[in-house]
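Comments concern the structure below.
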Amino acid sequence: GNKDKEASGNKEEKKEITVGFGVGTYEDQFRNGILPILEEKGYKVNIKTFSQNMQVNPAMDEGSIDASIFQSTAYMEGINEEQNMNMTGIAFVPTAPQGLYSTRHASLDEVQDGTTVAFPNDPVNQERAARILEELGWIKVNEDAGTVDFNINSIKPGKYDIDVKVLDPAQILVSLDDVDFGVVNGNYIANAGRKITEALKIENTPEQHRIIVSINQENEDSQWAKDLKAAYESQEFEAYIKGEDKYDGFIMPEAWENN
Amino acid sequence: MIELKNITKVYKRKNTSITALKNVDLKIEKGEIFGVIGYSGAGKSTLIRLVNYLEKPTEGQVIIEGTDLSSYTTNQLREKKKDIGMIFQHFNLLESKTVFDNVALPLVLSKRKKQEINERVNELLSFVGLEDKAKNYPNELSGGQKQRVGIARALASNPSILLCDEATSALDPQTTDSILNLLKKINEEYNITMLIITHEMDVVKQICHKVAVMEKGEIIEQGPVIELFGNPQHPTTKSFVRTVIKNEIPNRVKQAIKTGENHRLLRLDFMNQSTSEPVINEMIESIGVKINILYANTTEIQEALLVTMIVQLEAEALQLDEAVRFLEKNHVVVKEVRSS
Amino acid sequence: MIELKNITKVYKRKNTSITALKNVDLKIEKGEIFGVIGYSGAGKSTLIRLVNYLEKPTEGQVIIEGTDLSSYTTNQLREKKKDIGMIFQHFNLLESKTVFDNVALPLVLSKRKKQEINERVNELLSFVGLEDKAKNYPNELSGGQKQRVGIARALASNPSILLCDEATSALDPQTTDSILNLLKKINEEYNITMLIITHEMDVVKQICHKVAVMEKGEIIEQGPVIELFGNPQHPTTKSFVRTVIKNEIPNRVKQAIKTGENHRLLRLDFMNQSTSEPVINEMIESIGVKINILYANTTEIQEALLVTMIVQLEAEALQLDEAVRFLEKNHVVVKEVRSS
Amino acid sequence: MISTSITSDQFMLAIYQTIHMVSISLLLGSIIGIPLAVLLVVTKPGGVIENKWIYGILNPIINIIRSVPFIILLVAIIPFTKLIVGTSIGTSAAIVPLTIYIAPYIGRLVENSLLEVNPGIIEAAEAMGATPYQIIRYFLLPEAYGSLILSITTATIGLIGATAMAGAVGAGGIGDLAIVYGYQRFDTFVVVSTVIVLVIFVQGIQSLGNVLARKARRN
Amino acid sequence: MISTSITSDQFMLAIYQTIHMVSISLLLGSIIGIPLAVLLVVTKPGGVIENKWIYGILNPIINIIRSVPFIILLVAIIPFTKLIVGTSIGTSAAIVPLTIYIAPYIGRLVENSLLEVNPGIIEAAEAMGATPYQIIRYFLLPEAYGSLILSITTATIGLIGATAMAGAVGAGGIGDLAIVYGYQRFDTFVVVSTVIVLVIFVQGIQSLGNVLARKARRN
C-alpha cells in the first residue's frame, strides 16, 4: 500500500523532500554532490540515515521518505514482491563494486579445499558474493536461490570445498586477517581509505546489482523526482565524483556518457 | 473483647515442623490489661501476632468483639486492624522516614488532616520524650529511643486494642515507669484493652490485671495477677514469681541461723490487712518469743501489698506453737523453712 | 585493662551535630565486671562501641592493656578485636546462616579446626539452651533466642574482654539468671574483663563489681556497686537505685500511719552485721516501744545485704529518742520520714 | 587537522536525539516498569495480595519481551508503533520500542530492589491495616528508594545502549552516529568523540544516581 | 507445510552456540564482575577498606565500558580478542567482547545487591576482627546471596540479548539466526521459532534464579 499523502497531494509544488539512506557511501555522495544542486533549485532536503538497510523500504512504504538511495534493482524488485510495494528506480548512482580481498594471500591461486571466505550476512550482498565465487568456479549456486532471501544454504561446493564465514558486512574488512579471503563491499573499501583496485577479483557488477535512486512509482512524474534524477545525471555531479580519489573503481552511471 | 479458642499454630519447614502454640484458650475482657509471661521461645510473640492476624492459626479461632477474624473480608479485616495498635519486639520502624513521619504513618493511612496529624504526633513525641528527635532518622537513634518511637506510633490512632510485644524491654526503669503509667492512664480513660507480652515481672506487677503463663506453646496457668503472684501453682509460675517476690534465704543470712529445739525458721506472708497491723510487735509482747527478722520484702501489686519475711523465732517449744497460731489468727500465712 | 581518657564523640549531620559523649573518663581493671547504666539515649551504646573502635572518638584516647588503639596498625587492631567479644543490642545475626554457623563464625575466622569448632559450638549452644535450634535460621527464632545466639557467638572465641550491650534485655528472668551466672563463672575462671551496658538494675546488682551512671553523654557518678547503691549522690543515680531499693511508702501503707507526739515514722537501713542481729526484738524488749513495720525491702548485692525498713514507733517521746540511739548504736542508719 | 565526515550540526542533533529518546522512554518505561515491579512483588507467592493469576501472567510476559532481541522487537511492533505515533521511523517512532524494551527491564530491576525491603516493615504496614496501595506507597517504595534509584540508574545506562540500535529506524542519536559513521565507515574520530560523549552521559547519570541513592540510604 | 530457509542442523547449532557463548561469558563475566562489585563496595567512601584511588579508578572504568555500544566495543577490542583467542571471528572470538561487555554490567548489578546488606552485619564482622577478605567471604557475599542471584539472572538475560549482536563476527547463535534469517530475509517461521527458543531460555533462567533466590532469602 502507498500512503504518501504529501506526494500525491501537490505534486507540482512539492519543494521539500526527504531522502533515506542505508549503509554505504551514498549519503556522502548525496550531501556533497547532489544536495547543492537541489538546494540551488530551491528544494529543502531532509536526510534520514538508517543504520539497517532493512528499515529504509518500510519507511518509504509509509510515506516517511520520498526517495531512497541504498538498494539495487534486484533487491528493490524482490521487496516490491515480498512487501507488496510499487517502487521504481529513476537513476543509477556511482556504485562501489564488491571485490575479493585478502591479506593472507597474494593470488587467487592459493585457494584449496577448506579455504575460508568471509561473506556478508545480508541477502543481497551475500548473493553478489556468491556470484563472484561462482564465476571463479570455486562454488556452485543453486538454480532456485532467492534474491531477497538468498542464504548460504543455496551454495554447493564447486572446484573447492570453501568454508564460508558469514559476517556483518562492515566486519569483513576488519577481520580480513582471520580468513583467507573476504568479499568486501566497495563502500567499505572507500571508507577505509583503500582502493577498490587492490581487490584480487572485482565483481563484474550486473546492472541489476547497481545502486539506484528509488521512489514510489506514482511519483515518477513529479517535478522533484525529475529534478532528483537530473541531478544524478548532471555534469556537475559527474565532475564532483570524478574529482574525488575515493570513488576510483566505482561503476559510473551510463547516463553520464551523454554529458 | 479478645478470645482465642483452642488455637494451634504450627510452623512448617522442609522436613520438620515446630508447634509454636498448642490448644491455647484465652479470654480478655474489654478494658482489661492482660499480661503474658513465659520463657524465651515459649510462643508469646506468636500468640500476640495471631490477635491481629499477622499470623493465621493452623487450628482454632481468634474472636475479637464477638466476631471470628476468619469470617471477615480482607477489607473488614483491614478496618479492624486500624483499631488495633501494635508495638513490635523488633520495632519495625521505616528507615527512610523521620521519627515524626514514622509516628504520623497510622494517621496518614487513616487520611487525617495535616493539622490534626501535627498536633497528635507532637503530643505523642513529647510524651515519649523525643520532641528533639522528631527530624532524626531511626539509624540515628539509640535502642530505647527506637522503641519509644514504636510505642508512639502504636498509640497514634487511638486504637481500642493495644498489643505490646516487649514494649519496654529496651528501656531504663524510669522510662519504663513513665510509659507504663501512660498505658495505665490510657487504659483507664479510654477503656482500651491491652495484651502485654513481657518478660519483665515488674511490668506485670505494675499494670496488668490478669496474667497468663506460657510454656512450650501452652498456657499453663492464668488468673488475676494478685492471685497468681500470691499463690502460684505451676513450677514455672513459681519461678517467675520468685524473681519479684524473693523468698530464698540469702547466703549471708544463712550463716546467722541458729538451729535447735528452741529455734524455728519461718516464712511469713502478710497480705492485705495483716500488712498494716503491728502483728510482730503484738506477738512479742503477748507471747514472749524472741524474733530475728532475717529477710523482709514488700511487693506492691498495683494497690495491693504483699510482704514476705523470713524470721527466726526463739522460745520454748510450746510458746513457738502458740506464736504460730497467733500469727495465723492474724491472717499471716506461715510456712516452715528448711535452713539448708 | 580498659581505659577511656577524656573521650568526646560527636555525630555530625548536615546542619546539626549531636554530642553523644562528653569528657568521659573511665578505667576498668583486668578481671573486673563493669556496669554502665543510664537513661535511654544517654550514650551507653556509643561508649561501648568505642572500646573496640567500631566508632572512633572525636577526641580522647581508648587505651586497652596499655596501648592506645589509635597507635595500632589496621592488622594489629584486627588481632586485638579477635580478643574482644561483643554482644550487640540488635543482635546483628547473619540471616543467611544457621544458628550453628552464626556461633561458629568467630572460630572460622580464627581458622580453628572443624572438630574443635563443632565441639565448642555445641557446648555453647547447649549452654544457652538452643541445642535443638542449631539448624534453624535466625528468622525462625524468637527474640530471646536470637539474643542467646548473639551471646554464644560473642563467647565462642574465649575473648579476654567481653562487651555486652543490653545482652539480656530480651530474656526472661530465669534465662537472664542463667546467662549472668555463666558470665560470672567465666569472669572468675578466666579472669575476663567485662563491660556491661544495661538498664536492668538486677543485672548490675547480680554481677557487676563497679558501675558508672551516664547522663546526657557524661558519667555523672561511678564506683563499686555496693557503695553506689548504698549511698547514691546524684539524683539520677538515686532514681535508678530506687527501682531496686524501694523506699517510698506505698499508698496503702500511708493510710495506716498514725501521727502525733507519740508516733515517729522512721526509715531504717540495715547493712552488714546489723542485718543478722535481732536488733528490733531487742529494742522492743529493752526500751519498750511499740513498732509497726510498714514496709521492708531486702536487696542482695552479690554477697552483701542491704535491708531498708519503714517503721512506725509508738512510745513516750523520751523513749522514742532512746530507741533511735539504740538503733544507731547497733549500726542501723536511721532517717526521719515525712508521712505526706 | 581532524578528518571526519560529520558536521558539528549532525553531532549536536545526535546529542539532542539521544537525550530526547532516553528521557522520554525512561519516563514512560518507569511509568510502566515500576508499577509492573510493584505488581510482581505484591502478587508473588507470599506477597501482600498474593495472586497466582496476575503473577503467573505478568512474569512470563516480562520474560518474553526481555527475550526478544531489540532489533526484532523494533520490527515486530511496527504496526503498534504506527498506531501510536503515526510513523515507524524517526526519533519519536523509536521511543515506542525503546519504552517497550526498557519497561520490563526496569520492572525486573525494581522488583529486585523491592524484594530487599525488610519483611518486618511490611508486617508493620499490615498490622496498621494499610491497604495494598498504601503499603506500596508509604512503606515499600520509600524503604526501597535508595536501591530503586540505583536500579533506575542501571536501566538508564542500558537504555542508552539500546538507543544506539534505534538508529535502525532512522532515530539518530549519539550511539547511531558511532555505528553509522564510526563502525560502518571506519571514522575513528567519530568513534572516539561519540564514545567520549556517551561516557560523559553515563558517568553523569551514574554519579547522580549514586548521590541520590546515598542520600536515600543515609549512610 | 512450513516454508523456511534454515535447516534443523542450523537451528541446533545456533542453540548450541548461544549456550556456549552465554555460559562461558557469564562465567568469565562473573569471575571479573563479582570481584569488581566487591571492590567497589569495600573501597567506596565509608567502605571497610575505603580507598579513594581504587574506587575513583574502577568506577569510571565501568562506566566507560558500559557507555560503548556493544558493536563498537566488539570492533574496538579486536586486537585484544586476537591476542586471547587468536582470531577475531567465530563463537570463541565473540566470547571476549561479550565478557568485557557483561563483566561491568554484572559488577554494577552486584554492587547494588551488596549495598543492600544490613550495615549491622558488617559491624559485627569488624567487631570480630575479620579481615576485609573474611568480611567479603563470610559476611557480605552470603548475606547478599539472594539478591546477588537475581542480579546475575538479570545479567544473564541481558547477555542473551547481546549475543544476538555477536553475529556480526560470525559467532552465530539463536539471536543471530533471528536477525539474519528472520529479520533480514522475512522468514516469519525463523523469527517465531527463535523467539520461542529464547523465551524458553529466558523463562528457564529466570525461574531458576527465582527459586534459588527465594531459597536463599528463606521466605
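A, B, C, D and E label the chains in the order they appear, each numbered from 1.
By our rule, a residue touches a chain if its C-beta (ideal position, glycine included) is under 8 Å from a C-beta of that chain, and two chains touch if they have at least 3 such contacts.
Protein names from UniProt, one per chain: B, C = Methionine ABC transporter ATP-binding protein; D, E = Methionine ABC transporter permease.
All of these numbers come straight from a predicted model, not from anything done at the bench.
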Labels of chains that are neighbours to chain C and to chain E: none
Chain D and chain A - chains in contact with each: E
Distance from chain E to chain D - Cα centre to Cα centre, in angstrom: 17
Inter-centroid spacing, chain E versus chain B (mean Cα positions, whole Å): 56
Centroid distance [mean C-alpha coordinates] between chain E and chain A, Å: 37
Residue list for chain C, restricted to those that touch at least two other chains: 90
Per-residue overlap in chain A, given as positions that touch at least 2 other chains: 54, 170
For chain D, residues that touch 2 or more chains besides their own: 71, 75, 146, 165, 179, 183, 219
All chain pairs that touch each other: A-D, A-E, B-C, B-D, C-E, D-E
Interfacial residue positions of chain B with respect to chain C in the complex: 11, 13, 18, 37-42, 44-45, 89-90, 140-145, 147-148, 166, 169-175, 177, 199, 201, 239-240, 243, 246, 250-253, 255-256, 275-278, 280-281, 284-285, 290-298, 300, 303-305, 307, 309, 312
Contact set on chain D toward chain B in their complex: 118, 120-121, 123-124, 126-131, 134, 138-139, 142-143, 145-146, 216, 218-219
In the complex, chain D residues that touch chain A: 5, 71, 75, 78, 82, 87-90, 165, 167-170, 172, 176, 179-180, 183-187
Chain E residues within the chain D interface of the complex: 46, 59-60, 63-64, 66-72, 75-76, 108-109, 111-113, 115-116, 119, 146-147, 150-151, 154, 157-158, 160-161, 164-165, 175, 178-179, 182-183, 191, 195, 198-199, 201-203, 206, 213, 217, 219
Residues on chain A engaged by chain D in the complex (per definition of touch): 20, 23, 25, 28, 48-52, 54-55, 58-59, 62, 64-65, 170, 173, 188, 191-193
